[in-house]
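Both complexes shown next keep subunit A, but they swap its partner, so subunit B is in the first and subunit C is in the second.
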Partner chain A sequence: MDRWFAVARSEEVRQGHVFQSALFGQEMAVWRAQSGGVNAWENRCPHRGVRLSIGEQIGDELRCRYHGWRFATGTGQCTYMPAHPTQKPGAALCATVYRSSERYGYVWASLQPREDAPLLPLPEPGTTLRGVYVDAPAESVGERLLLGYGLDGERRLCVRRLDPYLLIGEPRSVRSTGDASADAMEAATSEAAAAPVLFLLQPLDSRATVIHACIAAAISAAERLAVLRAHNTRLLAIRAAVEQAP
Partner chain B sequence: MITLYDYELSGNCYKVRLLLQLLGIPFERKEIDFHPGHEHQSSWFLALNPLGQLPVIDDAGWILRDAQAILVYLAGRYDRTQRWCPREDAAGLATIVAWLSFADALSGSAGRARLHDTLFFAADIEECRRAAHRAFRVLDEHLWFAEQEGGDWICRGAAPTIADIACFPSVMLSEEGGISRLPYPAIRRWTERVKRLEGFVTMPGIF
Partner chain C sequence: MSRIESILWDDWHVVAEIARLRRQGRMTTTLLGESLRLRRDANDGRIEVDRKRAAADGSVYQPVGAVELRYGFVWVCLGTPVRPIVDFAECAEPKRLTASAGSVRVAVSGLRAVENFLDLSHLAFVHAGYLGEQPHTEIHPYTVEPLAHGGIIATGCRVYQPKASPVAAAGFDVDYIYSVLRPYIVVLYKANPIEPRRKDMIALFVQPVSEETCVAHILTCYLPHDADPHAIRRFQQFIFGQDRPILENQLPKRLPLSPRAEFSVRADKSSAAYRRYLAAAGVRYGAIAEA
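Right, the complex of A and B next:
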């Protein structure tokens, strides 16, 4: 599919760790080189097929845990084989590299390495939320989100689809209840809950989806944790509803 | 000298070996033929532990069973820093105990699935895996929010505790029971922090 998908929160792709992800059943090893660039590779060493996500990032290379072969950031080219220290690895010895990019607080990948799909034109979000893993296809997750976002008793965001894997939740046009104090209280208590939320769906495979959600608003450091927890609760409610659906 | 009645492939025995070595406590191993010999069900072993479970320790003639209880004992008796199981405040200690219970339940879900897949034990395999995933979701969420507050470990504080040691083996061995850790990024980061502890040791399947 000629399209970019968020495959990890930037913050969770750290030096010294290989993030395990997947897209349409293709497992990925997502990792950050010392020089800062991110990589999204097929999660499989081209040598013996071991998962690269159990490997180690060393400088600008990823080292496979099995036989110590090293692969360079960017190209995926094998640079060193410990069993053949003097031999220059051939140009064909490469990790399978997916196109990747980093923006809006996420690492993005595309399964089509040669296609030049433009990155989605999103507003710069203020805060990325905890990604929630759902045991359901992306389509079901999207349909559930369309019913609205928020907990019972809250002002719920009205969700619409921008495309099959991207949804946006926005406050309904605010209508006065005619009670000024109730209006003021609602505005004050649900400010964080009412900020627009983007939902980026990452299909891990045909049965599982990650909801990456981000708030298109800046959140103060003091509020941050409470906002993260509140949205996590709402997203877990979405997950429970999708997974319990017949 | 402590004697550990041990089985190399047991996660519950491994967690005791791990803490012994993190604390630098000398011990000797008595290898029990758990599989295929079922030596843990033999009459001599049942005299040691009527529950027929590993591990068991013998510390100068004093016998203690139950992996979680052994961690509590070793930390209380031999950890001079008292950081592995701090006991000064009731809430902190109770939190550790809650996670020890969680770890014990993991042995019954993720651990049982692994015994089913690798040593052919009877189990409702699908229910074991479902229960393990339910527990992993709880642990991942807990660790993710701990990270947001700068916490690296299961319990609050700068240092790991026996709660981390108790939960670690069943988590790390889960894939041998068909339980993927891909949906649990915070768990995966935590396992790497455990593996970087000074004195960390491996077992087959954990490297």
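Right, the complex of A and C next:
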């Protein structure tokens, strides 16, 4: 698939932890080197196939849990095999590295990137929301989002599809819903509610998807919790609707 | 599903620990995808094994003819036995403590479990503080040869072990011999901590449940310095408990036989020989055959 996908939020990829992600059924180990760079690698050691996501980040290297082989950030080159401490690993001995990049608060990866494939232009500053895992194919998730983004059928955002894995929700004119609690939430989130929301769909495999939603606005600390809660509630409602669809 | 190769179908496999079947009275298990029902007769203590067969009006259980009790385990052959159950002379020696050390279910091909048992260079990492320890990670050259009747033997293996067995008081360089006797059966002999010239024996009988699931049955045959069979059992299950999460995180779950599928180095000599032996013997169940 010739494009970039968000495979993790930047804040999920921290020192000392290897984040497990996937694209189209290909598991990935996403990790951050001490020097700051992020890596998205095939989630198996080239030696005996053990998931690298159970390995350890040590400085600028990832160490496999099984035999302690170390692989360098960036290239994936094996740097050290403890069974043969004086032997320099061959140039072909590498973890399988996917092209990756970090921007807009996400780690992006591509299984087969074109040399010139650009990253999606996302708004800056933006606010990234917690990714929501949905037990359904990306196509079904996209179709459900197109029906509207709101609670109880009330359409707060008008959603359109930019491509199969990217949708944008734009607000309609604000009006009273007649529901006091919803109105209160709307008022509290007025500024954020006026901002578009991008939905980045990450197809984990043919049956599961992560919705990464990104609000095209900076949100004040005072508003932040209410906004995140409001969106989380909406996204969970969408998940429930998609998963329960026949 | 296509017919399973004779080297597995017409051979003996462990399906249960006798002590556990005695305790429970009855058990169900699966061997090579076939559902089995094991029963111990309450009156005469006889053990019977039935196999579930599809019938026009549902399924029926039919007795399995080839059932043997050996080394504390129930052995079954689903086809026509073409050779006897593996023979261990050590288990017949007087004053040896022969004991089953339990059965562990693992969500991976049994061939991966056998290969892990043969593996020397994981000891310092997966079993750190027991069967190995950093910085003693280097694997020195050892010898691997084919066995006359199929299988392989690895000799001259030597690793430093902080706690080689339940009776080891201090670390020492342990000499090992490994032998793959059947595609799913592997045994090791390791120097005893108290009598380094004599060897303790540990065998792994791997029950292929499906191509991607197995039960590893552990047999220990120790020199009599280990008075407590419970301590042996606890130690072996603790050690296998360290291997299990590694095994269940191997991708793919079946063992690739092509030398190009996974990268091997000198320390993996026995693993590479094991894969060659499986390929030459035509073992496909639990394997990914060479393209």
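In this section, the second predicted complex is superposed on the first by the 217 of 246 C-alpha atoms of A that agree within 3 Å, B and C clash if a C-alpha of one lies under 4 Å from a C-alpha of the other, contacts with A are read in each partner's own complex, and residues count from 1 in each chain.
Here is the rule we use: contacts are C-beta pairs under 8 Å (C-beta built on N, C-alpha and C of every residue); 3 or more make two chains touch, one makes a residue touch a chain.
Treat the numbers as computed from the prediction; the structure is a model and nothing was measured.
Enquirer: Which holds for A:P85: it touches subunit B only (first), subunit C only (second), both, or neither?
Expert: A:P85: touches subunit C, not subunit B.
Enquirer: If we overlay the two complexes on their shared chain A, which of subunit B and subunit C does A:E27 touch? Say first, second, both or neither.
Expert: It touches subunit B and subunit C both.
Enquirer: By the touch definition at the top of the document, which applies to A:R48: first (subunit B), second (subunit C), both, or neither?
Expert: second
Enquirer: In the superposed arrangement, which partner chain does A:R65 touch: subunit B (first), subunit C (second), both, or neither?
Expert: both
Enquirer: Go through the superposed model and pick first if A:L93 touches only subunit B, second if only subunit C, both, or neither.
Expert: second
Enquirer: Overlap the subunit B and subunit C contact sets on subunit A and report the shared residues.
Expert: 27, 65
Enquirer: Using the touch rule from the top, collect the residues of subunit B that touch subunit A in their complex.
Expert: Residues of subunit B touching subunit A: 137, 141, 144-145, 148-149, 181-185, 188-189, 192, 207.
Enquirer: With touch defined as at the start, can you tell me which subunit A residues reach subunit C in the complex?
Expert: 27, 43-44, 46-51, 54, 65-68, 81-85, 87, 92-93
Enquirer: So in the complex, the part of subunit A that touches subunit B is made up of which residues?
Expert: These residues of subunit A touch subunit B: 8, 12, 14, 16-17, 19-22, 27, 65, 130-131, 133, 204, 208, 210, 224-225, 228-229, 232.
Enquirer: Show me the residue ranges of subunit C that touch subunit A in the complex, using the header's touch definition.
Expert: Within the complex, subunit C contacts subunit A at residues 115, 120-122, 124-126, 134, 137-139, 245-246, 249-252, 256, 262-268, 271.
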